[in-house]
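Listed next: structures, encoded as structure tokens.
Note that chain A is present in both complexes that follow, paired respectively with chain B and with chain C.
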Partner chain A sequence: MIGVIVRAVPDLVEGLEISEREVLPYRYMANEMDEYAVEQAVILKERYGFDVDVIGLANEEAYSEIDDALFTAIARGVDRAYKIMIPKTTSYKIARALSDILKKYDLILTGTIAIDEYYGLLSSLIAHELKIPYIGSVIGVEIDGEDLIVKKELEGGLIGVLRLKKPAVLGIITSERPPRYIPFSRLREVMKSHEIKEIDLSIEEEELDVTFKEPPEPKVEFIEGTADEIAEKLAKILREMIT
Partner chain B sequence: MIMVYAEVLNGVISDITYEILRKAREIADHTEEEVVTVVMGYNVDLKYLGASDRIIYVEDERLKNFALHRYVLEKIIDKYSPRIILIGNTSIGMDLIGGQPCIISCYDFNDSVKSISYGGKVFIESKLDRGILLINRGSFEPLRVEKEVKVERLSLDELGVKVDIELVEIIRPEVEDVDISKAEIVVGVGRGAQNIIDVAEELAKILNGVVGASRPVIDQGLLPRSRQVGRSGKTISPKLYLALGISGAMEHIEGVKAKNVIAINKDKNAPIFRISRYGVVGDVEEIVPLLLERLRS
Partner chain C sequence: MVVQCIQCGVCSGSCPYGEVLDFTPRKLVMLFRLNEFEEAITDTIWFCSSCYLCTFRCPSGIKITDEVLPRIREKALIKETPEELARALTNIMRYGNPFGLPLRKRMEWANELDFRIDFIEDVKETDVLFIPGCYGSYHSRCREVTKTVVKLFKILGVEFAVMKNERCIGDHCRLLGEFGLFEDLALKNIKHMSKFKFNRIVTIDAHVFNALKNEYPKFGFYTEVLHHSQFFADNIDKFEFSELDYTVTYHDPCYLGRRNGDFDSCRIIINSIPGIKFVEMKRNRENSLCCGGGGGGIWLDSIIRTRVKERLAERRVKEAYETNADVLVTACILDIPMFEDAVKVLGLDLRVMDISELMMEALK
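Up next is the complex of A and B:
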């Protein structure tokens, strides 16, 4: 059985309100690499017949917003969906709390990193808690009997191929195929016919002593005007630069 | 003790190790600590690690497999209790962090640790008394020192490390249509420009350049992997990088060493503008076709 973890993270396109003590998003979305992890799990299900659970992690504000991602996961082929409310805490505390419910899986997939992570990596910490192998930056998985054959992206286009035994935690960076498109009608169907089970883990809170800051103002020279004027100015700059 | 993990790939110590050594040396000289570099691998050339006070070398053919380094490092941390462990924020480095307190994506540290998160949109200052810092590539100038340093050798078997992952092979990228790392002009396509890749191709042609892309575009299969700019793709050093609809996450920016960057993005807070000389806050789908028209005439 495969367990996939999907986290609600700030939607960066919608912007953030940054104060010294907190970062407040206007909207949440599913962490993109976690969505790739879902797709990879479904690919493995199709290829080898695994059963797949998705486990959504969201704070109070994102607790209902995560439902969309979980129903989408079911529409993509996941068998069951669960969700867990996460208090203000660290990846260390989350990994510890999750370890009990994750130990039944042969394979645990999640994104290598969540866009709002800065203190510890949940993917790696789960493996540490469960005392099982971890490989991150994964772009492909095959099964050979009891073994996993994992493709790990290195640098400069190099790919490492690793063989290891199940169980393991894999941090996915991208899936073998892009996540499949789910039409809205199909999503609505799933929402009517499936439910998301809630799990209460009473995760311990922990606040870190950190200060958040807006990035420094860029030194860039902005070109302004109508689209036509901008195109004209850009063309002039480009011509000068390339000659 | 300040411990530096030497990243070794195919028997060669990566640049990031020497970059980290620069900062490790600076801090250690100030705090009067020892800089100890940990090397795992086989037949590794230790010649330029002279900025370290001491080297711990676990030499074993099985350690060509970087996936085992996670276990070895854990044992070494237990054995030596270093105050700070510095590791590159790379594919291999990220896999090493286990249960230790760890701050990822750091770009500087002195009394406090400075890191970047939220896709480059938030800067974070934190305190870390003991633990791991994952250091972004390009944060410090490399420090290669050719000097004899005391080497302490450890055996993999004596460390009692389980060997449960096998490195089957390292696949090299296929022969490429275009080598973006050598191009003088690169037109970068990001998620915001994925609908106008053909226009970007035209633009690149007229500028005598090539098209590169950020990770999301490659992941969707819209352009081949050989065109990926960034940490896991290629590092480009063109005269001009025209970034279209690219937000500029760390993973991308690490691969851009361009003389001039011009960025067009609808988000005025996009991190790409921090490395740009000229910027346009606007819609690439509207501006780029107009720009192409102007350049044609």
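Up next is the complex of A and C:
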């Protein structure tokens, strides 16, 4: 059985309100890499016949907004959907709380990073709690008996192929093919015929220390002149940058 | 309806992509009739730019563009949607426009004007409700047309307002077989528009015009809808044009001309500007060649280019260039980016203008 974690993150298209102590998004959406994780899970389901569960994580404001993403996941081919309310707390506490319900899965997929914090912590911490291997930056998965053959992006455009035993946690960067489009009427049909089960983990809230720092003004310099002059000035700047 | 097909093949011969399709319109109609069109779902099902030429010429009156093709595409969407198309449709579903831009930026063009315009949400009642559509609102080049039209309204002294909460009107969704999304957009737009009082709608988008005129009434929305060229042609006596020393040719937009039978509004406007030499292209009026942007074509370039060496827009601007015209005038908002890109690709010396922009130049 495969478990996929989908997190609700701020929708940057709609914008944010930033104050000294808080970041308030106007709207939430599913983390893009998590959507790729769902697609990868469905590809594995089609290829090897796994059952796939999707688990939505959302804070109070995003708790109803995550439904769209979970129903879309069902329409894409996921078997069951769950959702969990996440209070303001650290990734450590979330990973610890999730470890109990994630024990039963042969494979846990999620996006390598979520765009809200950009730490890339959750998937590795889950692996740590479950004492199973973790691989990040994954771009493809195959299954050979009890073994997983995982393709992972390495530095410099190289792709690493790793073989490991199930179970494992994989951080997906992209799926083998882009997430399939779900027509509106199909989505509505799924919304009417399926339901999302809520899981109460009673995760403890923790005060997070957030401070806002004004980013430094970027230095902008327009290089003017003829093509030769511009090239010369640009070369000089670039040379200074590397030395 | 499809049982009336006599398999004459006029549709296939008319189709601007006929020679590259896996299944020509004639074959599609036959497979649709037999309900065995699963095999017809290949890449080329996305080529159709809904130009309406096959439907217009069909001697049996079969609605190929409005019914047969979208019904097959509806199945194709479930099987596999091309990535770039999926992105545009997802954006329409989530944000109400294909660009993935927020609603609050929809009316940003209004800030670029040197006068204030009314929002129907504030004034509640107006004479003309002006709908620029997604391209007219967000696309940087098309916004110039929107602003020009608004300025012409101002010159005419028209009482008009725009809608802050306008969403995609959805004609392309319908032509792409995304009927569910089209219905959702239509119902949301109708619900919003019915809160206000206005006498007519004027739009610069030929597809918006078509959807509001022919499709929205199916959801119980009846109102007078005018294309901006029709509105200006009706008021042509109120403009005092100065002379323009241009040779002009005119491209008939599919959804103003063939689909809705208006070939004359733009020609009336062009011919009322003194000094202009008007020349016709080889294919004009009901035989006009589509720009290739309709029915989702504007989002499917990479798929179409796998088999088509010369885009429809490129073929069309070449035709315009052969007439020795300085200006290619059009009245469909999609044509502007399609033709301007084609002119750049071919390196031709040809200006692409909306009919309203030509009027504005003659007023300066």
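Assume the second predicted complex is superposed on the first by the 209 of 243 C-alpha atoms of A that agree within 3 Å, B and C clash if a C-alpha of one lies under 4 Å from a C-alpha of the other, contacts with A are read in each partner's own complex, and residues count from 1 in each chain.
One rule holds in what follows: a residue touches a chain if its C-beta (ideal position, glycine included) is under 8 Å from a C-beta of that chain, and two chains touch if they have at least 3 such contacts.
Computed from a prediction, not measured in an experiment: that's the story for all the values here.
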A:24 in the overlay: touching chain B, chain C, both, or neither? Say first, second, both or neither. neither
Just chain B (first), just chain C (second), both, or neither: which does A:15 touch? both
Chain C versus chain B, contacts on chain A by residue: B
So, A:199: does it touch chain B (first), chain C (second), both, or neither? neither
Once chain A of both complexes is superposed, is A:184 in touch with chain B (first), chain C (second), both, or neither? second
Footprint intersection on chain A (chain B / chain C) at 13, 15, 178
Chain A to chain C touching residues, read off their complex: 13-15, 29, 178-181, 183-188
Could you list, by residue number, the parts of chain B that touch chain A in their complex? 9, 65-67, 70, 90-92, 94-95, 97-99, 101-105, 115-127, 164-173, 185, 207-208, 215-216, 219-221, 225-226, 228, 231-235, 239-240, 242, 247, 260, 262-263, 267, 269, 271, 273-274, 276-283, 286-287, 290-291, 293-295
Chain A residues within the chain B interface of the complex: 10, 12-13, 15-16, 18, 23, 32, 36, 92, 112-113, 115-121, 124-125, 127-129, 133-137, 149, 151-165, 171, 173-174, 177-178, 208-216, 218-223, 227-228, 230-232, 234-235, 237-239, 241-242
Quick check: in the complex, which residue numbers of chain C touch chain A? 74, 77-78, 80-81, 83, 85-86, 89-90, 93-95, 100-102, 104, 178-181, 183-184
